[in-house]
C-alpha cells in the first residue's frame, strides 16, 4: 500500500537562517504508528508544525513532503487548508489550551466539520464521544472545557481530529499533560481510531510500548529508525543509547535500609475547604533510615498532602504520627521540589543557595569562604563542577538546578529527603541522573520519600512503592504494579 | 457647530467659517451672572445694556446725568434730582417719580452696599412731577458718585421683583430695566438679551446681546480668534504680542481706568515694619517698564495713588535704584552680592498673589527682579483669596498684590475707608497712621472741592514720603479683545461695556 | 488539586453575580465614608469655613453656634455620617458654599455635558482601537501594522492633556475646526471626543493587538488552524472573543481614569461639565461640591467596574464554574 | 494616555538575572529607553545646579524669541530663557515624581510585606485600609485630597502619595505572599534558617526588586500626572518652573510661539516614552518569543 506520508530530504529553515531540521526522510504506512523521539531541542515540534503546514511565515521547507499523492513542500495556505482535517488530523499536547475556553466542548468538536463548511450534528458528536469512552457525553459536552478532566478532553480532541476520517493523525506529545495511566488509555483510544498515527514524544518508554516503528531525532536530524525491538536491542547511535539509558536500572543499592523506623503515619486523614473536601482518609505510611519509598497515584489522590504531613509543615485532621528522635533535630527533613529553578534563591549565586543549610544557627559558624568551598565540592559530587558558581538559577538549565537542589539537600546531612515530583520537569537522561543522586543519598543513610506520577521511574528507584487511590492507600508492597483504573478517577473527591 | 465634516478615519476637511453676519453683539466675559437678583447680581445689568442709573461716570472723572435730567446741590445736605421725561421700563411701564422712589427704597432696604454709603437718616421725597428732593442729614459730598455706582441704586421696576420673591428666574423677560436690551434668558452658560424697541434714546443699534460666561482667559481669546464672539472682556494683557500678531484678534484700548494693581505692605510684621524698607521698595519699582514692557504698553505707568486725570492726583512715584540702595545702606542693611542682611537676618519678603488675575504672575515676577537689584530677596505665594488670607493670617506675607480701584466712579472715600483707615474691614497690613486717619474722617464730610483736593494731596504725600503702605504698581487702561469687524470698539469706564449705540465698524 | 465546590451553570452565574453586586455595594459604602470624611477632615473649623464662604466677614460666636447647630456639627461623628448618608440617599448633596444653590441641582445641570463627552470619547476609542487592532493583526508586520504601532507608541507616551493641547492648538484652532466655546451638545462634543478617543485608543490598540497576536498563537488557535479553519474564522470566532475579556477589564479600569481626568480634559476644551465644576470648587474650597464630585466619580467607577465584571461573568464560563 | 490613568505596568519576573542591565542595553528599544532616561536625569541634575540663564529673571527685550543658538528652546513672553526654565523645571518634574514613587514604594513595601508576612488580624486590618483607599480611582482621590489641602506643590505630592500607595501595598503583599510559598523559602525554613534571615535574605530583596521595577516603570506616567496637575494650577505655583506649569503659563502664546509648547510637551513625551520603552524591553526579556 502507498504510504500516507512520505518525507524525502525534508528540511526547515527559519528566516533568521537557523535550520532546526535538516534532511529528514521517512514514511508512514496506513494504519501504522510511527513515532519520532528526541530530547529537547531535537526539532520534534518543528517537524510536527511543518508536516501540517503551520510553519510560520518566512520559514522555508526544503525537500519533498508527500501527502495523499501530492508534494506539499511548496504548497500555499489555501492548499494546506484543504489538506488539514481531511488528510491529516492533529492532536495537541495540552487538551485544555487546545480548546477555546469560552465555548463548550461540543463546539470544539463541531469545529472539525464547520470550518470546512460541513454540517455538524450534536447526536453524531455525542455518539462519537461515547464510542471513545466519554461517559455521559450527551450532557457533558455542553459544558466548558475547563470542567473536563485532561484524559476526557483529550478524547474529545481525538474525536475532533478523526472527524473527517483522515488517513493520518499527528499527535504532538498527546499524553504529556496527563498521568501515566491516563496517558496510556489516551494512546489506546488514539490507536483505536484506525488512522495511521505520527506520534511525537520525548518519552522513550511510552514510545517503545506504543509505536510500530520509531525514528530517533537528534539536533534536527533523523539519526536512526527501526522497530522498538531492534532499537532496544541494538541501538546504533550514541544518542539513541543515551535516550535508552533513561530506562536503565539504577545502580544497585550499596547498603540495605536499616530496620529501625524513622517515621510512621497511622490512619492519617486530612481535609480541605472546612472539611468538605477529603484529601486523605485513614492513610498509613512508614519509612526507615536509608530507605527509598515511592508514592504514586493519580492527580488529586492526596500525594502532596501526605508529603507535607510527612515533612511536618502541615497537621493532619486525624490519625497518629510517630517520629524518631533523629527527626527532631533542626534540618532533619529537607525537601526537593518539582520546580527546580524556583527552589533556589533567584537573586543569589548558585553556591550561596547550596551552602545555605550550613549557615543555620544550630551548626558551627563557618566563614563565607569555607561555606563556598563546601558548596563547590557538593556541586562537584552532583556532576556540576563545570558551572560558574556565581551563576543565578535562571542562567542554568532545569536539570542543573535540580542537581544543585539535591546537592543542597545532601549537604546538611538530613535524616529524610522528601522529593515531590523531582523529575516531572526533566527529560529522560536528566531524570535518570536525579534518580541516581537520590539513590546515593539513601546509600549514605538518608531516608528518601519520593512522589512521582512516573511509574517506571519510581519502580526502578524505590525500595517500596505505595500506590494511592483517592483518599486512602491501596496496595502497599514492593514493586507494586501501577494501579490502572478502568475509568480514570475524575478530579477530587467530594465528601459527604 | 462649525465643524465642517469629520471623515471616517480621522481626516478632517478644511473650510472657511461663515462670516459673522448676524446682528447681535456676541460677547464673552469671565464672570458668571448667577441670577437676576437685583441686590446680589443686579449690578451686572448695567454692564451689558440692561440696567441704567441716575448718574453716569465719565472718563475725565466727572459725573453726568443719565436717567436723571439734572442733579443740583442746594446746600450741604440738600440735593434735587430731576428725572428724565418719557423713559419707560422694558415692560412698558413709565419710569416716573414713584417708580424711582420705590427702586431707591428697595435698595436701601435690602442692599448692604447701599446702606453702607447712604446715611440712614437720608430721605428721598417727591417734590414735583419729575423732582425728588434728597436730604442727606449730614454732608455727603460723594452723593453723585453713589448715584453713578452700579451696585448702589440701579433703577428697576420693583413690582415684578417683589412678585417674584426668591424665584428670580421669573424675572427673565420681565423687563424690569430701562436699558436698550431686555434680558430674555439666563443660565450658567450665557445671558441672552433682545433689543428694546421703546428705548428712550432711540432704536438700539443691534438686534440683541449674547453674553457667554467663559472663565478661561485662553478660551475667550480663542473664541474671538475663531469668530465665535465679537468681544472678549478681561484679556490677559501679558499676551498683547499674541493679539498683535494674530489675525482677527485686536486689543482695543480705552481711557485710563480708576484702578490698577495695588501693593499692600504688611506694616505689622516682618521687613515692612521699617519705613525705610517700604520707601526703598517703592523706589525700586520700574513703573515705566512694568507698563511698557511687562504689559506691552497696554497699562499705564503708575505715577501716584490716583489716575492722573483726577484734579487731585499727585504724580509722586519715582524709580531710583540708587536712592533705594542708599536708604537701605543707611538703615544698616548690609549688602553681600544679591542679598542684604542686618544682625544675621536676611532681608527678604513674600509677595502674595491670587490666581484669578493671571497678569499678577508676570508682574510679581518682574517685581522679584527689581527687588533683587536692591538686594531684597523675595518669593511668591499664591492664595485662593487675598482678602481671606490676609485678614485671617493664613500665610506669612509681606506684600499683597490686588486689583483694586482707588477712586471707583470717582469716589475716594470708599477705598480710603475700606482699605486704609485704622481697623478697616480690608486693612490687610494693620496700618494705622494718625494724621491720615484724621484726613480720611474730615474728607467724608467736606463738601468744598478745593479743600477736598488739598486734603487728598496730603494723603498722597504721606503715603509716599512719611509712612508708605499702599501703592499702585500700574494703572489699568480699559481694554477688550475684539474681532476685526469690531476693531473700532471702545472699552468704556465704569464697566459700561454695552451702550445703546455699541455697534461693529461701519 | 484543591478545589472549591463545583457550582452548576446557571445557579453559579446568579450566585456569582449577586456576590459581585454585594461587593460593589460595600465598595460604594466605603467610598462614601471617604467622601463624607472630607468635611470633618478639612483644615480649620467647618462652621467658620462655611460662614466665610457665605461671605460673612465678621463672624460672631452666636453665628458660629447657629451654623454648628444648622450643620449638625455638635452630633458625634457617626451620627453626622448617618445623617449625611441619609440625605445623600434622598438625593440631597447639600448646598454650594459659593452659590447657595443645592449642589444636586447644579450637578444635574452639568452631568449631561460630562456624560456626553466621556461617553462619546469612550465609544469612539473602543471602535477605533478595535478597528486599528484588527487591521494591525490582519496586516501583521506590513506597513499598516508599522504605522499603527508607531501611533500607539506615540499615543501611549503623550499624556492626554498634552495630546489634547497639541491637537487643540495645531488642529482645531490652527485649521479653524470645531468650536472653542462649547455648549454641551453631541455635535460640539465630536471634536474633543475624537481627540480624547484617539489618545485613549492608542493604549487600547496596543493591548488589543498584543492580545490578538497572543491569542492567534495560542493552543486553541493552533488547533483550529490544524483543523483547517481559515484565518478570518479563527480571528473572529475564537481570538476576538477571548481577547475581548481582558480588554473589557482594561476599559473598566480606564473609566476611572477617564472620570479622574475629566477636570483636565474639560479645562482644555472649556467643556461646561462636572470636571470644570470641580476645578471652580477646588479654588474656592467649596467642599459640598468637591464631595459631590468625588461621590459621583466613585459611584460611576464602582458601577462601571460592576458592569464590566458582570459582562465578563456572562461571557466566560471559567468565572462561573471554577476549575476543579 | 498614560498616567492620567495611572496605568500600572505588570511586574516583569526578572528577579534572578545578573545581566538585566546588559541585556536591556542589547535590546534595541531598551537601549533607546535607557539612553533617553539617562539624558533626562542628566538634564535634571545639571538643571538643579546650573542653567545657562537665570530661569526666573525676565528680560523684556528678548521676549518671545524663536529658538536660536543663545536660546536653543527660545524665550517666553517675558524673555526668560526656555531652556533654562525647562532645565530648572526638570528636577521638579522628575525629582518630584521620584519622591512620590519612592514614598509609595517604601510605604507599599512596608505595609504590603508586613501584611503578607504577618497574616491574621494585622493582614486583615491593613488590607481593609487599602481596600478603602482603592475604592476611588487614583486621580479622583488625588483631587479630593487637593480639595482638602488646597493647591500647592507639596500638597500635590502628598495627594499623589495618598492616591497611589495602596496599590503598591497590594502588590507588595501579593508578592510577599507568593514569595512565602516559594520552594526556596520552604527549603530554607526546613534547613533551620531563622525567620528574620529568611525575610531579609529571601523575601525582601525579591519583593523590593519587582516592586522597584514596577515603580520605576511608573515614572513616566507620574511625571505626566504631576505636570497635569501643575497645568491646572494645582501643583507647582508660578513663577516656579515645572514642565506642566510651563505649558500652562505659555498656553496663551502657542499660536505665536509654538516652541513654547514643543519643548515642555517634548520633554514630558520623552520621559514617558523612555519609561515605556524600558518597560516594553523588560517585558520582551521576561517572555522571550520564539523566532
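Odds and ends about this structure:
Per-chain residue numbering starts at 1, and chain names A, B, C and D are given in the order in which the chains are listed.
The working rule: a contact is a pair of C-beta atoms (placed from the backbone, for glycine too) under 8 Å apart; a residue touches a chain by one contact, two chains touch by 3 or more.
All of these numbers come straight from a predicted model, not from anything done at the bench.
Common neighbours of subunit A and subunit D, listed by label, are C. Contact analysis places C-D first among chain pairs (by count of C-beta pairs in contact).
Taking each chain's centre as the mean of its CA atoms, A is the chain most distant from subunit B. Each chain gets one centre point, the mean of its Cα atoms, and the points for subunit A and subunit B are 86 Å apart. Taking each chain's centre as the average of its CA atoms, subunit B and subunit C sit 42 Å apart. Subunit C and subunit D have Cα centroids separated by 22 Å. Separating the CA-averaged centres of subunit A and subunit C is a span of 47 Å. Among the residues of subunit C, those touching two or more other chains are numbered 173, 267, 283, 285. Within subunit B, the positions touching two or more other chains are listed as 225, 355, 384.
Here the touching chains pair up as A-C, A-D, B-C, B-D, C-D. For subunit C in complex with subunit B, the residues that touch the partner chain are 52, 57, 99, 106, 109-110, 171, 173, 175-181, 183, 185, 187-188, 190-191, 194, 198, 267, 270, 272, 280, 283-285. Of all the residues in subunit C, the ones that touch subunit D in their complex are 27-28, 30-31, 33-35, 38, 41-43, 153-162, 165-166, 169-170, 173-174, 199-200, 202-203, 253-254, 256-261, 263-264, 267, 278-279, 281-283, 285, 287, 290, 293-294, 297-298, 301-302.
Residues 1-7, 131-132, 135-144, 146-151, 220, 224-225, 227-228, 231-234, 247, 251, 254-255, 258, 261, 265, 268-270, 272-273, 276 of subunit D touch subunit C in their complex.
Residues 1-4, 6, 10, 12, 14, 16-17, 28, 34, 188-189, 212, 214-216, 219, 222-223, 225-226, 228-229, 355, 384, 388, 425 of subunit B are the ones touching subunit C in the complex. Contacts from subunit A toward subunit C in the complex involve residues 52, 54, 77, 81-86, 88, 90, 92-94, 96-104, 108, 111-112, 115-116, 143-144, 146-147, 157, 160-161, 272-273, 276-277, 279, 299-300, 304, 491-492, 494.
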